[in-house]
Structure formats: structure tokens, C-alpha cells
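The same subunit A turns up in both complexes below, where it pairs with subunit B and then with subunit C.
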Partner chain A sequence: MSQLGTKKAEVDLPVRTKYEESRRQKTGVFFKKKVGWLFIIVSILAITIFNFYPMVQAFLLSFQSGMGANLEYVGLDNWRRLFGDPTFIAALTNTTIYLLIQVPLMIVLALFFSVLLNDPKLKFKSFFRIAIFLPCVTSLVAYSVVFKYLFGIDGIINQFLLNFGFISQTINFLADPFWAKVVIILAITWRWTGYNMIFYLAALQNVDKSIYEAARIDGASSFQQFFQITVPMLKPIILFTSITSTIGTLQIFDEIVNITNGGPGNATISISQYIYNLSFEYTPDFGYASTVSYVIVILVVILSIIQFRVAGEKK
Partner chain B sequence: MNRLKQIFIYTFLSVAAIVSIFPFLWMLVSITNKSVDVTQGRLLPGTHLIENLKTLFATVDIVPALLNSSIIAIITTFLTLLLASLAGYGFEIHRSRGKDIVFTILLLSMMIPFAAIMIPLYRMFGSISETAPLIGIDSLGAVILPTATTAFFIFFFRQNTKMFPKDLVEAGRIDGLSEIGVFFRIYVPTMKTTYAAAAIIAFMNSWNNYLWPLVILQSPEKRTIPLLISNLGSSYSPDYGVIMSAIVIATLPTALVFFLMQKHFVAGMMGSVKG
Partner chain C sequence: MKKFNLMFLAAASMATLAACSSGDEEASGGSGSEGSADVDEITAWAWDPAFNIAALENAKEAYNGDGDYEVNVIENAQDDIIQKLNTGLSSGTTNGMPNIVLIEDYRAQSFLQAYPDAFHPLTDVINSDDFADYKIATTSYDGEQYGLPFDSGVAALYVRTDYLEEAGYSVEDVTDITWQEYIEIGKDVKEATGKNMLTLDPNDLAQVRMMIQTNGSWYVEEDGSTPNIAGNETLEAGFETYKEMMDADIAKIVSDWSQFVGAFNSGDVASVPTGNWITPSVKQAADQSGNWAVVPMPRLDMEGAVNASNLGGSSWYVLNVDGKEQAADFLLNTFGSNPDLYQTLVEDIGALGTYSPAAEGDAYAVEDEFFGGQQLITDLSTWTDEIPAVNYGLHTYAIEDILVTGMQDYLNGAELDTVLESVQGQAEAQLK
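Right, the complex of A and B next:
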């Protein structure tokens, strides 16, 4: 900052000696080249200290073991332990299930909504749009707690199903390994479908209306138009949202902790929750927890490479 | 056939809208009812609102939590806007090959899952707790620092800077403004909408952040709103009316921001794909 101050003062000087002038130009050139770095240096330092450095640390930790601060290098032991660890296998399986069911379900729903809402003749359009987007304003913890109560044994969903005769006795959704997963998938879908829909709606605005016009004249049905025009046109944005959603779901934590806390048993535990438990709930084992965390890193890196490849193809 | 299609479309959208809105309605109705009524599935507004709020403020430390969350969110948002816009501007206006390489490297940090770095971060803040308690474990400073600078916002500002007229920078220089002067006197006022959009997203991220505060904050009086709600939600004999009141209060700021600034809200969201 002080450097920049002096520069301004120099510019303001009305009379300069030849020596001063040449000096000013020299520092001026130097300054112009380097001043750009001043704008970014703090961010570079912060991201290095708080992102890259911990990343390296976690990698080193993944080869260490021990309780709390007493860590020692154990080579590949942690990595071997991974494959025989039933909780890790459960966490990985659950996270994969969430991914494979929730992401496609949400993307298809979001696409569907955006196509319907893009129809210029539709009435109450902005009401529908705002309603479907509304879940995005809730915090992950807040909506998770709400969902936990909605699906509780004396929750409103059970009473609704009972009153309308869909079930004859209450279902303890959150204590059942299958239903607990269903609730989590429903919750995430509720929270994020509107978010993705907004991306598709924005993309649809850029699609030339005359293409649909032509398709209709050629006798294409709504379904044909959807699959043969809309989906291909939106392909880049569909891929973008699929991959961001996948990376998000891979790291899922808030919902699991606050809806089921990983239970019943480990039926809903996610990888992130297992890492948290290993570090802060059980006897802390930072080394092994870091090993588990690197599994997420590896998965995210693979997915991101795919994303960059796809984005590259677009250009 | 066409009529059938119409009916289908409106039914489908209405169901979606009801499903989306229902939890909100239920929350709003529940804060006016007794806990017993909530568990009995009452869906009509009651008269227990004042009572619930009184109990909430008397039995739950929601005021300190609101304060903590506000302090953290405001400082984080301010730092994010300042640092990310400086960087985004620097990368775009003072573009060079070296900086482009650095930019690409910084973007890589967006791939880093938080769960992977939270343990080293926790140890890092633990190791400085003794010498710098203000940014050590269990301090608001420690919540703010790692979240204040993210590559996403640098990317966001850089993308938006592409639309900033570069002639203005030259004009400022000719008028005798320093480089930093050009930034603060010309760039910042011109980019108000970009700042607004970024502020909304940064504030929401910070206000709703759960995992990192959960890791780094320990004493109950330091708790942020999400930690408080999570805690209430896991209690064995929950008072639903009271908990719902806390949730509604926690959701109000972000809901208000959304309704008052819808355009900026969506612009902020879309920031990552534009251009």
C-alpha cells in the first residue's frame, strides 16, 4: 500500500530533474510489470496456506497412524486397512447409492420442470418457478432437521399416509435401513432440484425458438422435441450440473448427520461423516481418517478430469 | 388430447410446487402451535407463537448464536469480496502468462474436498492456539480465515471483469490515479451488481456453513446458528414449536435476501457458468 502511495505522489510532482525523470520511468516500468501481482498475492498466499498446504499434509498423514498427536509412519498400512474396514465399505457403498440414484433423479426432474416452465403460454409461471426454487434458501442443517421431523415416527408424513389409508400402521422411516436412505435421497432432491432447474431455464432462453417451430411443423411430438432438441442443446450444461452435483453428493455430510446421524447402524453413513467420526467422535486417528479422505480426493479428481475434458471438447 | 396434456402439466407442476412449499408452510404453522399439536399433525395456525418465542429466547442461547453467525458472515463476506475482486481484477486487467498459469493452479483448489483438508487445518489452528488465541481453535477468527478466500469467487470476479470496459482503466491512469486508485475509484463503483451477487452467495455460504465450525468451535457460547439448530434437532425430548421457531429465525435472513434481491441472487448463482 505504502509503495502505491509514493507512486501517486511522484505522478503529482510538477517539476522533475532529468535524473528524477529517468529514475521514475525505470521504477515505473518495473512497477507496471509487477503491480498486477500485488492484487493477487494475498489470495495466492491464503489459498496456498488454507488449501494446498493442508492437502499435502493430509497426504503425508495418510501414511501415519496413532492416537491424537502421537503419529508415526506406518507405510501403506492405512491403505490396506481400508479394504478390510466394514464401516468404510458401508460409507463408500452408501455414498455411491446416493450418487447413482439421487443425481439422475434430480437432473431429470430439473430438466422436466425447466422445459415445462419455458413454455411461453404457461400460466402462473413465476409462481411455479419461485415455489420450486424456494428450497434453495434454506440452510442444509435447517432443512435436514425439518425433514427429520417430517419423516419421524409421529411425523406429519406418517399421519398423512395413515389418514389416507396408504399404510395401516406407522413406518419408522429413519430406523429402517432402506427407508432412511430413501428419506435422505428425497431430502437432497427437494433441496437441489430448483437450483439445477435455474441453470436449465437460463440455458433454454438461448435456444432458438424457431427450431421448435420447425420441429412442430415437421410433426414432432413433445417427447421427440424434448429428446431430440432440448437434451442435445442443453448437453454442456447438463454435464456441468451433473458433475457439480456428483462432487457435492460425494462430500455429503450435513444432511446425513442431521437426519439420521448415519444410522440405523451404519446404514446411511457417508464418507465425509466417517472421516469426521474417525477424527472427532471416536478415539482420534487422524492418519487413517486422512487415508479415507484421500478416497474422496481421488474420486473428485477423476470426475473433475472428466469435466475438464468435456468442457474442453465444447470449445 | 391437448386438453389432457394441459391438465397433466398443471397437475404435475402444482404437485411439485406443493411439495416444495409444504415444509415451509409446516414450519410457519408449527411455530404458532404447541409441541403436542405439532406431533398430532395440526396444520392450522395456532395461538402459541408468542409463547414459543418466549421459551426460545429464555431457554436457548439463540441471541449469542445469531451474533456469532452475523459476525462471522459479515467479516467473511467483506474479506471475500475484497480479496477475490482484487485478485479477479489483477488476473484479468494485469494479465500475463505467469498469472494465467497461477490462475489455473488456483482453480485446482476448487477440486479439493473439504473433508480432506479439515484435519490438517484443525491441527494447524491447534498449533497456533497458544500464541494467537484470536485465530486458534475455538475462535471466530479460525472459522473465518480458511473460508474467506476461495478460488470460486476469484473465478467469479474474473469472469465478470471480462465485461468491464478496459478503456476506463486507461482513462483513470491518464487522470493520474494510481493502479490501486483505479481499482477503488473506478472498478469498484462500476461493478456494483457483481459485488451484490457475490455478497449474497458469500453471505449465504458463511451463514449456512456447518462442518468447519463444527470442527473448530468447541465452547457452547461460540456456537453458530447451524450448530445450535443441529444441537436442538438431536435433543431427546424436542419442543417442536420452539425448535421450528429457531429454524424460521435462522432461515429468515437468507429468505429475505432472496425475495428482495432475486435478480442478483440468480446472477450470483449463475456466475460460475457465464462466459
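Right, the complex of A and C next:
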């Protein structure tokens, strides 16, 4: 998620193109082309070998099935199996629930924090920024384990709720299908909100202050300023962060495995965890596992097409 | 200059790739290694430094054969071992594969069948009669013995004698009982002491697994692959008993290992029905010394059920790569034939093997003060021999994941027959 994020962000920034233009004037087009090819040939080769080749192989694999090394081609059987597989459907449903609830929640929170932190009158600004961004530097496994203990039956959350009289009996968060999902959503929101906030903060720096000034003179309230100026100005970044978060959530694995391990039952299992289970937890069926992987690929492709459509890229 | 370096890198990666695919063909063509190359170092993988790694180190000391080679013991997490074996064996490359590897019994059949020819048979190397029957069933395939049985997963009921006394029961009252009797005692214990009788983890059906093995039944039929869920009376009884325990409110619900251990270490539960490998964890609470006893596992109230079961346990396997003769030689001269080694294992690391001739040794007869002077190892090893042998087959964990969901439905009030039929249907659809 993070890698994708930085790549995309660079493309969006206008600074890069100006820089390239100035370079073009200084060096000959022919020389630049030659050198340019030399530079990218390495990446092309590396991407072909380490990305495209495995992708093609995985695609072929998705039409095979069998135990371990005894794979054979079964045509579309894996795809048929997919739609009648209750575990896969549970995994897909859960992942969709995470997407639909967590991504909007996080985007709104990140926007909210970034606007607050952008206030020029705010004191200890860098302290708050660091505090909100800090979760992003924690290891996925480490914070998952912490969340698991926070929400354990003897955990601090239960103690707190009990001592302040919010509940009369401890809630077994991780053994309850509903609460387990809530914990997962809380955890990922905590981990990724600061990450998205940084994008908004950066974008907010580029918003011309005079627009706000003019709005204030016209008597616009803070709410009006937020919805009429801030949100429209940040629209491309909001779109970008929602798509990267969507892709990240589609691939969610570490949190699920470490907090609930997919349980109770299959109440929190994600697609990625199911792929892992099919490959390593059960008698391995790498063919069917690749079929499930390709479902993620298809979902990501569909969502990326939507992004390009909505963002209205020119090319 | 830089260009050439990078080109070289690219070319090198191409070459590596080509090497991988050629290895693939070689493996699918037959065995990975024809002819026996003489190697002077073999590698062994296991996962627990306090247990099976320590056992390997002890075995190195105890080796009394005349082979001349080094044994390199490497610790990997169990999940990593499974991943490395799966990825390595399915890609056909034997590079980086160990010579000896420890595999959990529940997973053994899936490895043996998923990668035929990847393991070296030990049929002529060890004497199967020397090991507990139930271990042989899970470590052999297609008439060949592949595994050298290692630790016993014999299950037992660890009880708090002081809590029992408070409720008016003695150790005899919980010895050789059925689960129904256990639940009744549990209710009384809870009334007298306020403590739960046991912990249950709704996401882990280990309890049900132990119950059904007392009657020689499993999730799959004898063939090891046909799901045996709907109409499996033993499993029905297991599910009913599980629900009874939940309904009787004698179970503390936990959701992971540390909560499970924490519950009995802190004195929150009156008994722990589980595998004997829990002994060191029980003993961690030194202040509870003398308050514990170990009795045979309760049985299902059915014709033919016995008070002996199993949970977990693992065995050694030799991979069919260069050095397999040395690896087999090492195993034969240590775990395969050396009763003294098993004495050391019991004394030093508390590991109970399944090698029958070892049971006569002195270390097995030691009285354990923590358990009120009980001859724990002798008892456990007697019960090991009574464990009904079942074929764990290929799909223990796959079926259990479906069963866990079924158990949730059942506990929430669904009809048992409907639940099990639906699990059967799902399992058949998934395990083609």
C-alpha cells in the first residue's frame, strides 16, 4: 500500500514535469532517449522477471488443482468451486464489510485531523502530528498483538468499561462475531488514519490562503469553508487515498491473523488469510489458492478503472 | 560500467529462474537424488528450543553409531517449516531442504500424499513394533513407514485436588469417568469454589478432537479423505458434550494460548483436559505444588470408548535428498533404538517419547512432588499404549475450520443433524 502510494503521489505533483522540461532543454533529445532506455531496461527486465512472469504462471496455476506437487489442469473447475465455497464467500463478505465501513470512516477521520492540525493558531502542532502519525511506523504484528490484549476478556478495555459501569459483565470481544469485526476495524483505522492524514496535510499546504480569506470576508462559516473549499480542493487526494486504502484493505492479512485468526468461526476471515490457509494450513492446493488470489487482482483492476474514470485522467 | 553490472544482474536472475524450472522437471521425473552421495553434514529442522530442539541436541550426544558426519540442528517456527516444505517441495528444488524434519502428526498424511517420493521410507530402518500403535497409523502411508514416532501426545486430565476436596470429591472420583460425570462434578466444584471447571476456546475444537478419539473416530473415514461428519455418532456425542459444558456454565471462555495457560496458572480453573506436553506449563506455578494430580482422560459415554486419547504430537521424517542414508542412520541410532536417550529426554526436558522399550527405565518411575508424588511418566506412558489408533488423514485442519463455524451455529440453537449435514456438504465440496 505504501509503495503504491508514493509512486502515485509523485505522478500527481506538477513539480516533476517542470523539472523534466528544464532538463529537456539542456540535453539533446537523442542522447536523453538512449540514456533513458538504459536506465529503464533494468527495471523492465526486473519487473518482467519478478512480476509479470509470476503473474502469468499464477494465472496458469489458477486453472489447475491438486494436492501439493500433483497439479493437473481442471479448466474452469476452480472458478465453479469458488462460487459454491462458503468459506470464500464468508471471506469476501468480511473483506467487503471492512472496506465499506473502515475506508470511509478512516478517510473522514483523516480529513478531520488534517484540517484541525492545519490551523495556524494551533500550539504544539508537531507534537500532535507526530502522535497521530506514529501508529504508521509500528510493526503490523506488534500492534495487532497489543490490540488483541487490549480487547481480551481480561484486557484493559473490559476493565475500563466495567469499572466505569458501562457494562455489567465483561464482553468477550474476540469471541463474538460482531465485536471481533469491530475490533479489527478499530485496529486498522488506528494504524492507517495518520498515514492518510499526511497526504491531506501536504495537500492543504498547497491550498491558497487567499481563498479562505475571501470566503471569510463573504461571511462563510467554518462548516461552509470546509465543505465548499477544503473538500473540493482536496478531491484528487481524497480519491487517491480512498483507492489506495481500498486496495490495502482488500489485501488485509496481518491484523486478522494476529488478532482473531479469522475467528470466531469464519466471522473475521479475509481473502488473503483464506489464500494462506489453502496453501499452508490445509493440505496445499496452490491451484485453487491462485484462483482466489486472482479474485483480488480482478477486484483491484475494477476499482482502479473506477479511479481513472472518476479522477478523469486525460490520457 | 554500471550498465554492464546491471545487465549481468539481470542475466543472473534469468539464469536462476531457468535453474528453478529445470529442477522442477527433474523432481517430477522421479526422485530428487539418484545414487547416494556421501555427505559429511546433515541438517535437521524442529521448532521448540525447550522441547524438540533440545531433544535433537540430546540425540547428538547419545548417538552411538559409527557414521562420520556432523548434524546441524536448525530452529524454525513450525509455521515456517510448513511453508518452507510446501514451497520447496512443490517447486521441486531440494536446495535448502533439511535432511531430517519434524512434522506434526495431524499434518503428516497431507505431506506424504501431496509430495510422493519426497520422503525417504524408514520401513527397513526402524522396528514399528517398538512404538505406540496409534503413532504408527499416522506416520505410515501406502504400506511404507515414513515417520519415526517422536513425542507422545497422550491426553490427560490435570486436576486441582484442593478444589475437588472443597467440593467433596477425591482424585478417585475423577479417575476413569465419562464426560457426563465430569460435567456433574464441574457443577459442584463451581458451586463450592466459584471456580470454573475448565477453559474452552470456541475457535479451537481440540476438546472435541480428543473426545472423538476416545472412541476411535475422526473427522474423516478410514481412507483418510472422505469426510465423516454427518451421521458420525461419536462426533454427535462430542458436539453434545461440548454444548452441555457450555450450557452448564462450567467453562471459562478463552481465545488464545496465553489466556489458556494464564487461567490455570492463576488458579482460575479446577482442571485442564489436554495433551501431556502441558506439564511444564502447569508446573510454572510453583506455589501450586502438591495441589495437582493427573488422571486419565474422561471418555464419551459410548460402547467401546476408552479413557485414553491424544492431542498433538509429532514425528521425525527423512527427506529424499542427498544424505538420506546418513539421516536414517542418525535417527536409527538415536530415537530409533536407544532407550537411554529417552531416559535423558524425560529427565532433562520432560519429553515423553513413544518408544515402548524405554518405559522400563528408572527415569520413568520417578515420583513427581508437584503432582503429590504421582509416578506421572509411568502413568502417561501406560495410557499412551491404550490410545485408539485412528487415521488422521489429510484434512484435519480444513474440516475443523468448517466445524468451528458449525459449532457456533449449534451453540446458538441450530439442530445438530442439520449442522453436521451442512458441514458434511461443505467439506465434500471443498475437499475434492
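As a working rule, the second predicted complex is superposed on the first by the 266 of 315 C-alpha atoms of A that agree within 3 Å, B and C clash if a C-alpha of one lies under 4 Å from a C-alpha of the other, contacts with A are read in each partner's own complex, and residues count from 1 in each chain.
Please note the rule applied: contacts are C-beta pairs under 8 Å (C-beta built on N, C-alpha and C of every residue); 3 or more make two chains touch, one makes a residue touch a chain.
Only a predicted model underlies this, so the values are computations on that prediction, with no experimental measurement involved.
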Should the pairing of subunit B and subunit C on subunit A count as a clash or a fit in the superposition?
-> clash
In the overlay, answer first, second, both or neither for which of subunit B and subunit C A:F280 touches.
-> both
With both structures placed on chain A, which of the two partners, subunit B or subunit C, ends up touching more residues of subunit A?
-> B
Given the touch rule stated above, what does A:G84 touch, subunit B (first), subunit C (second), both, or neither?
-> second
Touched partner set for A:Y73, first subunit B, second subunit C, both or neither = neither
Should A:L116 be classified as contacting the first partner (subunit B), the second (subunit C), both, or neither?
-> first
Should A:N261 be classified as contacting the first partner (subunit B), the second (subunit C), both, or neither?
-> both
Applying the touch criterion given at the start, work out whether A:V42 contacts subunit B, subunit C, both or neither, answering first, second, both or neither.
-> both
Scan A:Y53 for contacts with subunit B and subunit C and give back first, second, both or neither.
-> both
Touching A:A131 in the superposition: subunit B (first), subunit C (second), both, neither?
-> first
For A:L140, is the partner it touches subunit B (first), subunit C (second), both, or none of the two (neither)?
-> first
Would you mind checking which of 4-12, 76-84, 238-246 or 346-354 on subunit C runs into subunit B after superposing?
-> 76-84
Mind sorting out which residues of subunit A both subunit B and subunit C touch, each in its own complex?
-> 38, 42, 46, 50, 53, 148, 154, 261, 279-280, 286
Footprint of subunit A on subunit B - complex, ascending = 5, 9, 12-13, 16-17, 19-21, 23-24, 26-27, 39-41, 43, 83-84, 86-87, 89-91, 93-96, 99, 102, 106, 109, 111-124, 145-146, 148-151, 154, 176-181, 183, 207-208, 210-211, 214-215, 225-226, 229-230, 232-234, 238, 240, 243-244, 247, 250-251, 254-255, 257-258, 266, 269-270, 273
Interface residues, subunit C side, partner subunit A - complex | 3, 6-7, 9-10, 13-14, 17, 27-28, 79, 82-83, 86, 89-90, 92, 110-111, 113-116, 118, 202-203, 253-256, 259, 262, 394-395, 397-398, 401-402, 404-405, 407-408, 426, 429-430, 432
Subunit C contact footprint on subunit A (complex, rising order) | 38, 42, 45-46, 49-50, 53, 65, 67-70, 81, 84-87, 90, 148, 152-154, 172, 174-175, 177, 260-266, 277, 279-284, 286
Sites on subunit A touched by subunit B in the complex = 1, 4-5, 7-8, 11-12, 33, 35-40, 42-44, 46-47, 50-55, 57-58, 61, 109, 113, 116-117, 119, 122, 127-128, 131-132, 134-150, 154, 156, 159-160, 190, 194-195, 198-199, 202, 222, 237, 240, 247, 250-251, 253-254, 257-258, 261, 271-272, 275-276, 279-280, 286, 289-290, 293-294, 296-297, 300-301, 304
